[in-house]
């Protein structure tokens, strides 16, 4: 057993849902909790939180390559299906897509990050293999889920402009005060959406951005895990603050994904519900079930 | 104006939401209708309707190629981020995905099919270009949506086994009698999910399938469009029956997508909600916002 | 018959090798000519004229996307072949490649460009289809070839620095005077390599380049076609000068590829043989036989 | 130093060209040897040894995926370049290619295989990383080369039909007797092409093949390395016999690639030169210079 597991139950969800569990905090989503989340819908206004997938004009990381949409079938194929009764002038358009599993708005699988060579629940880093992909904890284990979402609009609470400054840490105290100011409570089975304004800053500056970004600290991650949330989403690249809290690369990923099996969702566009002061609602997150993948682009749907 | 448009309002939604509309029947989804859909949730049981995306063991069409998941980052990259404070034994796993926009469970954009060289609302076939993709009616115009879903389990109603025989047409009368037998009504803003048993047959036969498949007819498509549904989903490859109704290649696509702007969703796994006799619930469909794409893999979430 | 064909035999090779010919000027390469080309080898010094294929640090055009090399198999797969007798510590590394057929150093197939909706030999533009690719004149029809190469080093002859200025046209007279100065003659079956210095400029300026580039004019193209060369290669993006000669987009491509079936090879690194004053030698060009493709990356081998 | 290196010079080329050498046996190709190879040309007949790259009808390995050619630009893009002076009816066709670096006819880089966790010259297996690819010994280090080729037609010498039976080992003695019967000698700097008939069998049987294949044994590999050849090509999947000689997975790869830095080229179509009894000639091999790749498709050109 690793040092991480040895930190005990307060610091970890390892073993909480059995030694073979691969779903982590999603185990918290009982039908009762989901039904209650659905009952939280008020206006019926629907927000699509994903940003576009395209080669330019959206935040991309160089090492992940540029998304491509390539044409598979177009009107030059006229006549190909004549033998199947296809009338002249009838046809179909199709394409092939190429992009990183962690491109633009995406959800991390539990296999995404490891600490001391171990993932959530003690799964070894070697469970990911180049040829087969994730043999355990892959995004295909998520399936998709519905939960209550709580949106915390940090710039509104912390003041100082339309976005938090790059590098601004968001602490547990910041989350707590914002939730209180917005009159919402965070509880078991919630997805917490932390708006930092980063994405709005990116669009307004046309992508001319520093390396730093605002995001949550390790203690904020622990505070969220202590409240038994199932996932944390944000409008930045990593959910967590960069420079990394305590100088520890992916430190918040280790708190959430590795130690607690709490999922992370990056690059969500939270501006529309924030503008509507929609602080809670029903959220569905539907990663593609790509067998063995380490994550998936997502387009979460929030119903206010 | 084309012959299609000339068929008049009973036969078409062209112009109904303005000459420049690119969203079709999604215009029917007012917040009130969505709030009502959310209120239809009873058990809170969540169903993920997408099937896996992988190279084998799922229905794929040859011309669309085989999905690939390729490793972008794994434990051989240990040490790459040492300069950023990455501790030994901490690392990330990532991949790149390649697949058709119409792979396994997927949603068609309105640009997918054209008739007499025109798409929904008179958009010319030439609005799709090889380099840029869909300049209009692309999947990026959908965003994502929530609606009430009605599941019609055809094998249960039509009898004769766990699935409809390949080539079995599902008519308007079949839909109507099944809805009545299940005690559900189909109305404005609904998504109708037509279970034929095709996917179950595919899995039980290990993919050894005839070309034919059960599916809806043109009159069934018209019946659904007349009820102002926003989308029709099914567990087969094309929603519509093959051999094509009236020998007309993509005839039902022309009724739904082209003439009425009603969306189509293929290869949904409807077996779990059918087994639970979950005939209605809240459905969210979240296509990836790939700019210019003709469709997207989806993993719709049904909350019973 | 198009206007192009009507320009007559002096202006076109259409029909010269039969109405169904798909290889164009490659028909000129008799075994005798190739044997003579091999006999032109003097030093045995070998030059690889292709530049690297990578995402950065080489000239790429945005619309073609960035090349990707993705890992297919690495040491994380240790043990996968144990059942086949694989000893511990023995393994293989493999990857998957994604790039445009016209990426970095590449050869155009005759299907690449059309004029008045027709390709070489009157093949209609519709011979290229999105799903199947080139049904005629594809790169798979080339196979690969060997020929005598003549290298013309324009900056050396035209003076003024290490490269021709962007936009500098290279005329028939320029080619003729350079060949004379270098003491080489251009004849039937030759490949003419025109060094403009563009690539050297690109590397020295780190890719910070104007839109313009030096290259040959239409009359230079005609002069080369009149000498029955089989291909023309250059160190720039298009062989031809940009802004296009006579303001005619792809005008030289139309002279060479379309009217004469003379192949074009772009982005060749000609600096090493030029530095060695290697003005002629044996050249082999081996495009990948990708069925239906419009071109292929190449790495031509010149033996001086 | 590993056990392999400790086997000494007779068994290994490690250190022979310096401790940092990344090109292995290619160091043997002096200009003099290449000039001599060029002088071996007799008929000038040119053979393209690569087989097509396509999704069907050629030997492919499942785990490498199916090659894809996708349309990037076609006649639906008419008008896109009007602002650049593009006349109506003038246009370009382009595509994007996706395939394994070891697809159909291909050349292995020295980073391809490791033994006791080490590659040629003691380079550790960890020199290959998922994100960056090969940091040493990649295919980009090859550049491309010309050499004399000797073709050994084993079915002709060993008798019994148009191809060797699957699993038939080709020994050093077999190579020696065949070279003698054909009147050719193998020496320093040669590329030896071993025709087994496997590819012809594949095409005649439409790909319905057993797992076994004819190919060379470890002692044949050692015999070739002892003669200082630079590469060994064959018409089968692995150059070496399967089932693997001595039950040792990739045993011949270890002899050639790992211990001696001798390159391997698979799936070459050697039927045409064999039919012409062209037993020697000039060969050029031009792998694409994909930075960090473990191999490349190739289309070697043999001039008889």
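When the chains are written out, they are named A, B, C and D in that same order, and each has its own residue count from 1.
Following the convention adopted for this analysis, a contact is a pair of C-beta atoms (placed from the backbone, for glycine too) under 8 Å apart; a residue touches a chain by one contact, two chains touch by 3 or more.
For clarity, every value in this text was computed on a predicted model and none was experimentally measured.
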| item | value |
| --- | --- |
| For chain C, the least number of touch steps when starting out from chain B | 1 |
| Chain pair with the higher count of C-beta pairs in contact (A-D, C-D) | C-D |
| Same-site or different-site touching of chain B by its copy chain D, using the half cut | same |
| Whole-Å gap between the CA centroids of chain C and chain D | 24 |
| Cα-centroid distance, chain A relative to chain D, in whole angstrom | 44 |
| Contacts with 2+ other chains: residues of chain B | 63, 65, 68, 71-76, 96, 98, 126, 128-131 |
| Category of the chain touch graph - line, ring, star, complete, other | complete |
| Contact footprint of chain C on chain D as seen in their complex | 29-39, 41-46, 48, 50-54, 63-65, 67, 69, 71-76, 81, 84-87, 89-102, 111-117, 125-126, 128-131, 133-134, 140, 143-146, 243-244, 247-250, 253-254, 282, 284, 286-301, 303 |
| Parts of chain B lying in touch with chain D, wherever the complex brings them together | 55, 62, 65-66, 68, 71-74, 76-77, 80, 98, 126, 128-132 |
| Residues of chain A that touch chain D when the two form their complex | 63, 68, 70-72, 74-76, 96, 98, 130-131 |
